[in-house]
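So the structure is just underneath, and the comments pick up after that.
The letters A, B, C and D name the chains in turn, as written, and every chain counts its residues from 1.
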Amino acid sequence: MSKLWFDIAHLLAGGMLVLSFALLYQDRIAAVINVFAVQAIMLSLSVAWQALVQDAPHLIVTAAIALVVKGFVIPTALHQIIRRLEIHREVEQVIGSGLTMLTGLGLVALSILLVQPVGEVSIYVREDLAFALAVILLGLLMMITRRNAITQVVGFMSLENGLILAATGAKGMPLVVEISVAFSILIAFIVFGVFVFRIRERFDTVDVSALDRFRGERRDA
Amino acid sequence: MIGPAEAVIVIPAVAVPLLAGVSSYRLGASLNILACTLTLVAATALLFGEHPRSNLLIIDDFNIFLIILTTFVGFTTSIFSATYLAHEIEIGRLTPLFLRFYHAMYQALMCAMNAALVANNIGLMWVGVEVATLSTVMMVGIYRTPEAIEAAWKYFILGSVGIGLAFFGTILIYLVAQDVVGDGLPAMSWDLLVKSAPMLDPKLLSLAFVFLLVGYGTKVGLAPFHAWLPDAHAEGPTPISAVLSGLLLNVALYALLRFKMVLAGNPAAINVGAIMVGLGLMSLVFAAFMLYRRRDIKRLFAYSSIEHMGIATFAFGMGGPLANFAGLLHMTMHSLIKSGIFFAVGHIAQVKGTQRIAAISGISVTHPVLAVLFSFGVIAIAGLPPFGMFTSEFMLVSSTFARQPILSIVLVAGLLVGFGALILRLQDIVFGDPTGKAHPAQASYVPAYVHLMLVLIAGLWLPEPVVEWFRSVAALLG
Amino acid sequence: MALIVDLLMQAVQMALVVAIAPVVLGVTRKVKARLLRRIGPPVLQPYRDLWKLMHKEAVLAHNASWIYRTAPYLIFAATWVAAALVPSYASGLLFSWSADLIAIVALLATARFALALAGMDVGTAFGGLGASREMMIASLAEPAMLLIVFTVALVAGTTQLSAIATIFSTGSVGLRVSLALGLFAFLFVAVAENARIPIDNPATHLELTMVHEAMVLEYSGRHLAVIEAASALKLVLYFSLIICLFVPLGIAGPGAGMADYTVGIAAYLGKLLVLAVLLPIGETSVAKMRVFRYPIFVGSAFAAAALAVFLLFVSKGF
Amino acid sequence: MPGIDLPATTGLWCVAGFLGVAGIAVITGRHQAASSLIYGSALAVALVALGAALMAFLRPGPPWTLALPIGLPDIGARFRVDALSAFFLVVVNLGAAVTSLYALGYGRHEEEPRRVLPFYGAFLGGMNLVVLADDAFTFLLAWEFMSLTSWAIVLARHRDPANGRAGFIYLVMASFGTLCLLLALGLLAGPAGGYAFETIRLASHTPFTTTLAVVLVLLGAGSKAGVVPLHVWLPLAHPAAPSHASALLSGVMTKVGIYGFVRIVFDLAGMPNPWLGLVVLALGGITAVMGVLYALMQHDLKRLLAYHTVENIGIIFIGLGLALAFRANGMSVAAALAMTAALFHVFNHSVFKSLLFFGAGAVLTATGERDMERLGGLIHRMPQTALAFLIGCAAISALPPLNGFVSEWLTFQAILVSPDLPQWALKLTVPAVGALLALSAALAAACFVKAFGVTFLGRPRSPAAAAAGEVDTFSLTAMFLLAAICVLAGVLPGFIIDALSPVTSMLAGGTMPRQAAVPWMSIVPIAESRSSYNGLIILTFLIASGAMTAMVIHRFATRATRRSAIWDCGFPLDAPQTQYGSASFAMPIRRVFGSVVFNVHERIDMPRPGEIRAGSFRLRVLDPAWRFGYGPIGRVVTAVSTSLNQLQFLTIRRYLALVFGTLIALLVVVAIWR
């Protein structure tokens, strides 16, 4: 296929990476959710593009799921939650965003370093892979640098975006659709959990006020 | 027509909706046992006849004994859980509605684990492991106590991250294999992967393994990915602790080993052994020290599971026929003993009405039979003869010292530290003046005794076929 | 015929040591008295004492056990057997090989064991006091003694007393540093073992200082007689040890004739007399020690003997 | 040919028999007559085993071997009876038989027989199996099984927290030992895993391997035997068990530990360097003196005996160390002498230590007291026990003409040969060790004067002691049997020495001169000119001269005897506390050695005259092994576990951070690695 097609694929993947950085940078929850929605849409675009490139129609399903579930349903749900829990102005970071950014850059460098040296695998898959890996690592980074449950969920979801990106990048990989469905269910569970257990603050406890005394084997037991 | 290999997946799968529909918990429990029995029968049927490989399923020396082990422990646990849950219902800790859910999830778990074991496809195996994780998450939280929910939540989050990383590793493996084996299912099937291992790109392979190690290592409970394990064991219902420790950890380790086989076939790939040795030793030593400060009896044995998974991982990391043999034996013995211990612990916690070690003492006075059962279990898990774990630790330590004296010193130190903690708690619980209630436990000791009997036999004599399986697998593991 | 003679000689040896033991004691007492400007009892007084004791009734405490009654005989027997095995006037006697120097030391330990038990039998404060102090002293004196045995054995290449005597009497050994040290140590040990000043005073009954007397405090009559005889015998035994280890001159070797034997006996008696005179001189020239200074006294003997042994291990030349 | 493996087969059947006895005990444990049944059948099995062992020991042929298709795959479970194992089988089963006999009476007083009976048979079986085993796996399995069963017996009186502590320390130390042996055998077997002793024996080991293995075995077997500073568990665990079990633990199981040492070091590990002999020697000397000093400080009769076991182990190790040194220098006769001395002492100690523990058990059943400060005057109440115990005391104090003296005498003779050793360090160590040995012998005498004097002589110090009564016939029979052996082995040592010669020729490559050839049945270590000893004649002389004296006295003296009150220098106090007790007896020796060896704290509170309050005397003796060895280790473990324990309470985010960190680290590794 012509080079252009790959460049577009790269563009989309690169766009996701940039959005991951935006996620890291953002510290107001509402904004974070919006950025994530954009990333999800970007993902669905790139998946759709892959479907076109690999002429694998079933990938369209994945793209659709990504668009609908992660682009619209979940963001709206999250917006509702934060409104319900009155934390939409919450600003919470463990380490300053500047440092986070630097770490993020380091991670990107690392992932490129890891994937770059070319083997038999065709070049563009490689570079796609580098982007995907970077997105994953950044998502993980986001999960551990945010105290707020919602932002952590978002971090996990962007990690999962990276996974889908990689999976769809792998030509002719079976079960991709099923797996993306499974992941969406998983995320639904998490969001559901956040909602039901009313996790206001962090993943540490289901409910700070009620549970600090209940963490397994308290020191003072 | 479905052969036994498919049956071990299909039977539980069918049982799931069935059990979800049954309202009477007695009927549910017996149906549960029935399903497990059928699965066990199907599994034993695997011993006979040929099993043609497909791109999805495969039966070879490696997974056949694990399948039988899994179905067997699943079966005994189902018997145990019947009596256990009856008691839980009595004291009103659970409602029949939850039991319906519980039984369904139990079968889902069995189905998932069997799927992961018989899968010839890394994707299918991944799905199996993840479904198993989710179903156990459900059951860990079933008591709805704040601790239980918190434990389930921790398990859920850490598990999901593990899922993600493992999946990325799987994708990488596919990508690597794709160029050699070709697109689609073949590029994901074990036997082809192992066969074509030498041609695969070593660098990407190593990268993939790192993700798989972290992903599945979280399931195995290796330190520092272990955090979910102790709480999940301590807060969930005891039968689930039994299958978690006894089976799920094994399945995850099995997955890791399959990938190790692939890398072992590729000399240019990174030295997996060193990494596994490091993680194994870390888990062993860490868990050994953690054992001392445990106040909750189930959490205590959860940490001992971490310790033993560490030992097994260390063994496979060392490699070589003896160490691999020891590792396989260790896996097997651990799942039998540990589930047996959890049976005993469950009964103890029920009769004493608490899981706090400080509140349990002198059960050899009040419940001699239970005490003997428990003591034998702990003695076996501590690696004392004449039980099977002594054999595996004998092979491991002795063969290691001849090759890596320093490592084996660390290993021995860790073993000794853990040993001390276990014996200390054993004496606290079994001996001394009795505390708490003395009323007889209504419990079925049979499953636990069967487990210990098997372990005892294995300690004195290993059947020929088992030795053969272990040998061939050990050779493959390199 | 030869066997008869041998048996006879052995018997003579046994009879001899028993017979002369009291008089040796008597001599030491007489000399000591003289040194203190006293007339002192006649030399044969010990015999009279024994005879008197034998004809007094024995008074036993109500709770005295059979150990109390048999101990004196066991003590005497052990000491006697030991004394009989030390070549006095002739080496290579019939039974001399039945026990070597180590065994003789051990026989004395047996006697001490019995004595200490006898002291504890009645259950008085003094008995226990004596026993415990006796064992404390012994625990230092016995190793010293054994090290002396090592010294001699390493020089002579044997622990067989008569063999040692034979070798030394030839004078081929010459003067040795190690043996000098050994002698020095041996004298200390002998003083300690025989309850002489400065360790113990056989004449005193001042409760807090006595050791040997404290153990036999309850004894009376014939039992006391036997014990007294045994301690006299022990003194002779140590004298004979000194004689045959360090001055074995004039001792009758194996296969000697009557003449040699008579010479031997004469020489032996002469040497005994000299020692019996020397001992009190030494005793009167020092003062009694405090109980807890014993370790230093006996310890010095131990040290000397140990030094001797080390020297010999390093080189046979010393 | 048929019957060639008869002893091995019989041995295995006896092991099965012992296990069967254990099985019966599990079934019939509740029943009244259970204890008689169990101990009776154990006695029967032990006698059979003893017979087989004696047959193998006295009629030495080629080793009898046997392999069963169990245990490790391919290697199987191998068994072998050669001269060495035959000797130890005799020791083990002699102890087992006599103990079972004793227990027929003693066992009746057991309040919770179900906590003892099942493990008794298993324990005996385990010990036999250790000696029979001929491959590393079987050996260690039996070894650990032995520890495990004895641990259960130690915990029979589990309600006393002190016993719980004892059991814990015991099992941990035991498993430490097993791990050391495991490492040693693994090293000798090599990475290929040639675990059969035959393979190890034939393999050629590098000097480094041998040295390392010997050191590890010294740790492993030494901890089982009770070598200082690995002895701490012993004085805790041995007294905690019921007395007949204590006898087995102290008298027999420690010997199995010695067997492990001898088997691996002399038979399997190849030819070690003479310096190792020096190490073993020095350890032995230290162990002997420390052991007896600790023993002297004890006031608990059984603990005193347990500590004294440590001393005897030290003496045995002195012999073994000398044997190592001599063998390494090719002085085979001297090596044989030292080895014989050690093994002879193994036999002797198993006999008289069992006897003494039986005595202690008898006292315990009669009075319910172990504390010597509350005993006394028992010789009137239980004369037969007293007599047997006295013989035991005399024998263990190495007094002629009993057996203890013979083995110590042989050890001294071995020391006297050592100037011929070439190595200077050895030249200088051996005399020092000789001095230590002499010291320990003398202290042992003091120790047992105290043990017997305070317990059996004097006046009763408690009503329980005053009301005691003689024990049953079974116990007495057992005790007098052992006493008789003490005397016999003392007066006729030649036979045992000759019987040991196949062992020494196998392990030391030489033998002592044949004693049967020596006239008058005296024994000769090297040559008659050097030294000889004849217990028989000594005994005859003692009896003869004693009898003669008695006759003379009774002929010429008055027989008149009067019983009266104690004189006690004129002011007798009838309070039994005025007697010398355990602490006061040991006081002078404590003053001499105590301050040096261990920090003794004496607190004396003396009321001034006229004050109306009780005076008090407090004594605390601390074992330095605790202060400098085990205390710190325990503290370290606690500290580490406490600091690590915080990882139990992190937040999920932190746990995720851990995962993330590890992942990144591994990724970096991969990145660098290529």
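Assume a residue touches a chain if its C-beta (ideal position, glycine included) is under 8 Å from a C-beta of that chain, and two chains touch if they have at least 3 such contacts.
Note that this is a predicted model, so its numbers are computed, not measured.
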Smallest count of steps, each to a touching chain, taking chain B to chain C: 2
Inter-chain centre distance, chain B versus chain D - centres from mean C-alpha coordinates, in Å: 44
Chain A and chain C: spacing of chain centres that average the CA atoms, whole Å: 100
Whole-Å gap between the CA centroids of chain C and chain D: 35
Where chain A and chain B are represented by their mean Cα positions, the distance between them in whole Å: 31
Multi-partner residues of chain A (at least 2 other chains): 114, 117, 140, 143, 203, 215-217
Sequence positions of chain B contacting 2 or more other chains: 153-154, 157, 161, 165, 203, 207, 230
Chain pairs in mutual contact under the definition given at the outset: A-B, A-D, B-D, C-D
Contact set on chain C toward chain D in their complex: 14, 54-63, 65-67, 73-74, 76-78, 80-81, 84, 95, 97-100, 102-103, 106-107, 109-110, 112-113, 116-117, 120-129, 131-133, 135-136, 138-143, 146-147, 150, 153-154, 157-160, 163, 205, 207, 217-218, 221-222, 225-226, 291-292, 295, 302, 306, 309-310, 312-314, 316
Touch list for chain D against partner chain A, complex: 648-649, 651-653, 656-657, 660, 663-664, 667-668, 670-671, 674
Contacting residues of chain B [partner chain A, same complex]: 121, 123-124, 127, 130, 134, 145-147, 149-151, 153-154, 156-157, 160-161, 163-165, 167-168, 171-172, 174-176, 178-180, 183-185, 188, 201, 203-204, 207, 230-231, 234-235, 294-296, 299, 356
Sites on chain D touched by chain B in the complex: 69-73, 114, 136-137, 140-142, 144-145, 148, 155, 158-159, 161, 164, 167-168, 171-172, 175-176, 179, 182-183, 185-187, 189-191, 193, 195, 637-638, 640-642, 644-645, 647-648, 650, 652, 655-656, 658-659, 661-663, 666-667, 669-670, 673-674
For the chain D and chain C complex, residues of the former touching the latter: 376-377, 379-380, 383, 390, 394, 397-400, 405, 409, 412-413, 415-416, 418-419, 427-428, 430-432, 434-435, 438-439, 441-443, 445-446, 449-450, 452-454, 457-459, 520, 522, 528-534, 537-538, 541-543, 545-546, 549-550, 553, 556-558, 560-569, 572-573, 576, 578-581, 584-589, 591-592
